[in-house]
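See the structures that follow.
Two complexes are shown next, each including chain A; its partner changes from chain B in the first to chain C in the second.
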Partner chain A sequence: MHQSRLTRWFFQNVGLASALLLFAVLFLSYNMMHPRGFSAAVAVQNANETAAIAFLAMAQTLPVLLGGLDLSVGAVMTLTNCIASELVNGSPAQILFGIVVTLLSGAAFGLMNGLIVVYGRIQPIIATLATGAIAIGLALLVRPKPGGDVDGDLGWALTNSVWDFADTYGIAGGGDAWWIRPFADIPVPVIIVLLVTILVWVPFRRSVTGRTVYAIGSAEGAAFMSGLPIERAKIAAFTLGGFFAACGGLYLAIQTSSGNADIQQAGAYTLNSIAAVVLGGTSLLGGVGTAVGSLIGAGILRVISFYFRILDIDPLLQPLIEGVVLLVAVSFGAIRTLRVKNKLDLFR
Partner chain B sequence: MTDAIVEYRGISKYFAGIRALENVDFACKPGTVHAILGENGAGKSTLIKIMSGVLQPDSGEMRLEGKPVAFATPQAANEAGIVCMFQELSLVPDLSVADNISISSPPRRFGLIDRRAQVRRAEELLARVRCEDVDPNAMVRELSLSRRQMVEIAKALGKSPKVLILDEATSALTARDVGTVYDLLAELKDSGVASLFISHRMHEVEALCDTLSVFRNGQHIETFAKGAKSEREIVQLMIGRDVEAQFPPKPKPVAPEDLGDPLLKVRGLSWQNRLNGIDLTVHRGEIVGLGGLDGQGQKELLLALFGVLRDVEGEVVIGGKKGIPSSPAAAKTATTKVALVPEDRKTEGLMLGMPIADNLLASSFQRISRGPFIDPALSRQAIEDGISRLQIKAGSASDPVMTLSGGNQQKVVIAKWLMIDPDIVLLNDPTRGIDVGTKQEIYRLMRDLANQGKAILFYSSDYAELIGCCDRVSVLYSGRIVAEKQGDDITEESLVAASLNIDVEAA
Partner chain C sequence: MRISVSNENKPILIASLFIVVILLAGTVYTLSTAGTAPLLSPKYLLQQLQTGSFLGICAAGMMMVILLGHIDLSIPWTLTAAAMTATAVGGEMALPTALAVGIAVGMLNGFGVAFLRIPSMIFTLGVDTVLRGLMVAQTGGFAPQDTATPLMLFLAKDRLLGIPVALFVWAAVSVFIIVMLTRTGFGRSIYATGSREGAAYLSGIRTRFVTMGAFVVSGLCASIAGVLLAGYSAKAYQGMGNAFLLPAIAAVVLGGTHILGGRGRYIGTLIGVILIVLLNSVLSIMQMPEAGRQIIYGTVIIAMLLVYGRNQRVTS
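Take a look at the complex of A and B:
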């Protein structure tokens, strides 16, 4: 009865697999239709516009895996964006300090969310609705007007291709060393997102804390009875969510060289992060899904908006079409219910 | 008792002022299988929850191997060597079998979970419980209830317990698995583990345990060696009063030609590969039992008749009308009404957080409504009738149904369905996990309903119930009826033989 590993992976990750397929189809046909498709310039531009929402989607994944929602991810991104616009400049040491402070403040905000949820015994959705407003308020205090200053070299190096990165800092022979050539055209934001995924998400998922997050979302009672560290896992999940949101905020500051306490942008990012998580095959009921899926979900959302540039569609239709695509995409998840022969299974 | 591995003195626990355990002294020796018996509400669950760190006692002291201990969490108890296998399974459905078995302390490399070692470990433990057919990489959600219970046992074994608590551990198991568990307990006993065994099945207790403790009303009544008391004496200790005959008398069998047309007639019923051509008839006034090993299609048959399954093939005639109800809503409103008391009262039978009253009314709103509105006077009357008819012991009808004991919860489910005045009552293991006293009330109720002219189809995993209650028993084996027994032919031997699909005469 042992299935092959690939078949098993497919059946246990149908959501992720279909998201991957949908993304591949959308992205390839986009590039085929684009006059300069498959070029480094297009890839860099696309990657820049996707990085922030990709980080937010990862941030949202953790509370959703627990079976909740975090309505503060967009606001934490905005807050850290404003902090970064104040601190990420000056000497290399000052820049590093600014980056660390930015990321830590996001993690600290997530930690606060976690503590409120666990010890205040407040449902995540309402706790983060409140803390999200607080984050926006803090962001407005830090930066009442849009603006700020982010190190220009850093901005250039991180928002272009690997070759430009090496060229800017004069490493690897200014980007011409033989070993860097195969990667020269890859956009740096893609590398950053992958690095964060591999260095933070993958170890987290393979830790007891990470597994406890899944166990809580799947069956909290069973997790408790199995003696798992429930409180620690919840706090860790929200903290990590704050960290990912801060990655998004930091990247946005580097990309735009400024900070902006934009309330509407924060709200839009929060809602898009939820859409990305769902598109990526994570169950809103908790317990099933991965941050990798959410990255793909964020990619799908962004590619849809890219189509408006190359196709002659009225931009005013964009929200409508995005809404329809989202609805159609998540409907695929409901197809299984047509195959259910025991109607009781629909409620499990 | 200085040689006890665990010892409890003067343990008391109150919930909102109501006694759950009072001044209980209890001890358990290594290398024994110790049964804890008692009605629901006797304090067994509270005791094991205290032992395993889920609850903290209000007073009293615990000693493990002579040293005083206190467990704040299940984790702390596990680490000290007290492992409990709970009746409500503690498996996480969306994680794999291997993940679940090693959930609290997985093998690690460089601080991260080592999946390969984890799968190996799962394979070893599954082999110990003879479940090599379970794939360690499968999701627990994909497994049947009986497989999950075996995985739960493997998980408990993996914690190398000194004291292993099995709370209704065999309730969902197949006969073969029960055998495995018996062997395993013998093995653990030889290696000095103390096993605490909680079961409502007397024959299991008889077969397995060497020491028995009876609890009643939150107190430890008596502990004695196996064989020191008769089954009847034990039951008396448990309920504190004399028991009359366990089952109500059956009426004389009616000659087949006098029975008239059946109320329920099933021909060639098939569904997926779980039901393979079931033929069955039930007449008014009859209790027909469904026997066989667990998972041979009994539950699916009842669900099919209640309109829960899709794409069911075969012919069903209910009260002269052809066709299977299209949904539970259709089943309960047809001319010949069908009611189903489902397998799992906690998820399918009750809305646990809602008041008893609302649960009682949940199936019969059209009877107590005037126009679109629920009539308060009619509903109050209906609630009172329901509570008194089944003698549900509840403080107030507005209490959440989860505050009731298991037996009383099951009564609420039955009362809910009796309120629609059904013609056909389908019962899916209605006495599972409930106390002896309530069981007997349910047996009497079933007979009363049959005498009122209702047709009853009754699945039970307990042979004694089928023998004691049913006019006829149909035994299922892999989705087919392999034997039908009547009257004096319904014996334990005949049912067991039929459920293993062997012919006793031929063998």
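Take a look at the complex of A and C:
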């Protein structure tokens, strides 16, 4: 019985399962090949570089589940990154205020996207193309030149292992309490991403609003006829996407202790977020996938680039290999066409 | 009397009106600050359209793909790759090689989207990354030292009868696209496939080859734009195509082409390109900082689409 349930889960989540498998294989062999593999230092470094794109991949998941696309996630991340670089410093109360304002501004921008898509009835991809430009403009207003200041203690505590976190703030006996020992080597960014997933994504997924997002992606007309709250779900999805993008921007500010309104960077993050979502087994047609899969997809994207550090590959070939791997990985989706019995099923 | 405008022409009409508004606002600004009206001089307009021709040709190709309900994100590096191979090959063969690059990329895109059935959004993105990788590997990450050939310089920079040659190229591409869309079976197949691929397939259209053809046209247009841009700046350089992707999509959509495919007229895309080019030039005359430009740019797109780009409400 147990076996059959596992098998059923596998066949219902082939995309997610294969992404998980690919990530596990890539990550384990990376650590085995790394001269200092399986150590806290390597894990911390890897986690730091993955956190921002992981949040963006989650942000992109929600509009994709609706059957749309959010081309503004990178720009919202840049905007919140600049806001955080202005506000997240000073006294603890000021820091907390800065964090809350940063996250709220991201969510507010997402809300605006949602309102435009729902009440303006403009296609998400083109609406967010335009609001993305607005977000970059606002980011340039906040921070015309790269720079800024983020609280140093916070930056150190959140970008290292749990022990360093406890040590910085003198909690749990400076990190030496018995109950924190088992977790001492876990990188803090991993815990932050998991916390956000468990506290925000999982409850949303289980709510009526969350299930409505899936229903809209599968068949919007049917969802409407079933009396589901379509407008609320769309607005919530975009708002939550903005919130996740703000988490990414905030983390980037903490990690680099600065803000940078870089248009190129924003565009690259947006495109990478789409790639991560697809690698994580979420269908661009909508209705199928999870944010957890996108996290794994972001992990895959990053691990591939980590390989270049340990393998003796010409750095000039790096973008080429990254591109080929991405292209080959998504081409596995073509296996679907071999299973189609009725040719008309191809034309959705 | 009430003038009725068909749904398809409404965007074109409103966008044209907006172009007039932009020109008037810009002229009022220059009259009040400098006392001159450069925006209304034919020389200035031709010069703006000359730089706009690169965007115009990219948008023409993008429109083919959007009419199918797909999108081509590989335009930036197709453009760059074509320009770089053209300058690297040099001589007589520069132009044919560049066009061959565009056709090859288009066929690859078309194969992935039409035969492998990978969503165009992600497949063309992958192709874009691969092309970037190839160009970085080939040039070592620097701008190559090659220079544009005399023919490329002529096409991009010279003037015939006082009109920039680049405009003639843009006009030729436009005529080609218009004839193709309205007078050939291939053009009608594009509209049919974009409306509903299943129905088009059942009525005997070989939709997969239609899709592939549209991507080839898109790649070809990008490579023409690349050749012109390399001629205009006398050389090819990394990232020269990055500034064209989003404006090209915006121009097509502002011109009334439906982003999900099946509807749209080429004249609208033309108007959309002119709108974006003039908006940019008026903003630079006003010496608007980058921040303000981006905000105005985004707001204009949203506002225009709110006026005429709204979807039907889903009710069943």
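One rule holds for everything that comes next: the second predicted complex is superposed on the first by the 344 of 348 C-alpha atoms of A that agree within 3 Å, B and C clash if a C-alpha of one lies under 4 Å from a C-alpha of the other, contacts with A are read in each partner's own complex, and residues count from 1 in each chain.
As a convention for this text, a residue touches a chain if its C-beta (ideal position, glycine included) is under 8 Å from a C-beta of that chain, and two chains touch if they have at least 3 such contacts.
Given the structure is predicted, the values throughout are model-derived calculations rather than measurements.
When both complexes are overlaid on chain A, the residue A:225 reaches chain B and chain C alike. Contact comparison for chain A: of chain B and chain C, C touches the greater number of residues. Of the two partner chains, chain C is the only one that A:132 touches; chain B does not reach it.
In the superposed model, A:337 makes contact with chain C only, not with chain B.
Contact with neither chain B nor chain C is seen for A:44 once the two complexes are overlaid on the shared chain.
Of the two partner chains, chain C is the only one touched by A:140; chain B is not.
Once the two complexes are laid over each other on the shared chain, residue contacts for A:69 go to chain C alone; chain B is not touched. Shared-chain residue A:327: touches chain C; no touch with chain B.
In the superposition on chain A, A:274 contacts chain C only, with no contact to chain B. In the superposition on chain A, A:121 contacts chain C only, with no contact to chain B. Comparing the two complexes, residues 221, 224-225, 343-344 of chain A contact chain B in one case and chain C in the other. Put simply, chain B touches chain A in their complex at residues 54, 73-78, 86, 88-95, 99-100, 103-106, 111-113, 115, 133, 135, 137, 139, 155, 271-272, 300, 303, 308-311, 327, 348.
Within the complex formed with chain B, the chain A residues making contact are 1-3, 8, 12, 203, 206-208, 211, 214-215, 217-219, 221-229, 287-288, 340-344.
Within the complex formed with chain C, the residues of chain A that make contact are 69, 116, 120-123, 125-127, 129-134, 136-141, 144, 220-221, 224-225, 230, 264, 267, 271, 274-275, 278, 284-285, 314, 316-324, 326-327, 330-331, 333-334, 336-337, 343-344, 346-347.
Residues of chain C touching chain A in their complex: 71, 73, 112, 115-119, 121-123, 125-134, 136-137, 140-141, 196-198, 201-202, 207, 239, 242, 246, 249-250, 253, 259-260, 289-299, 301-302, 305-306, 309-316.
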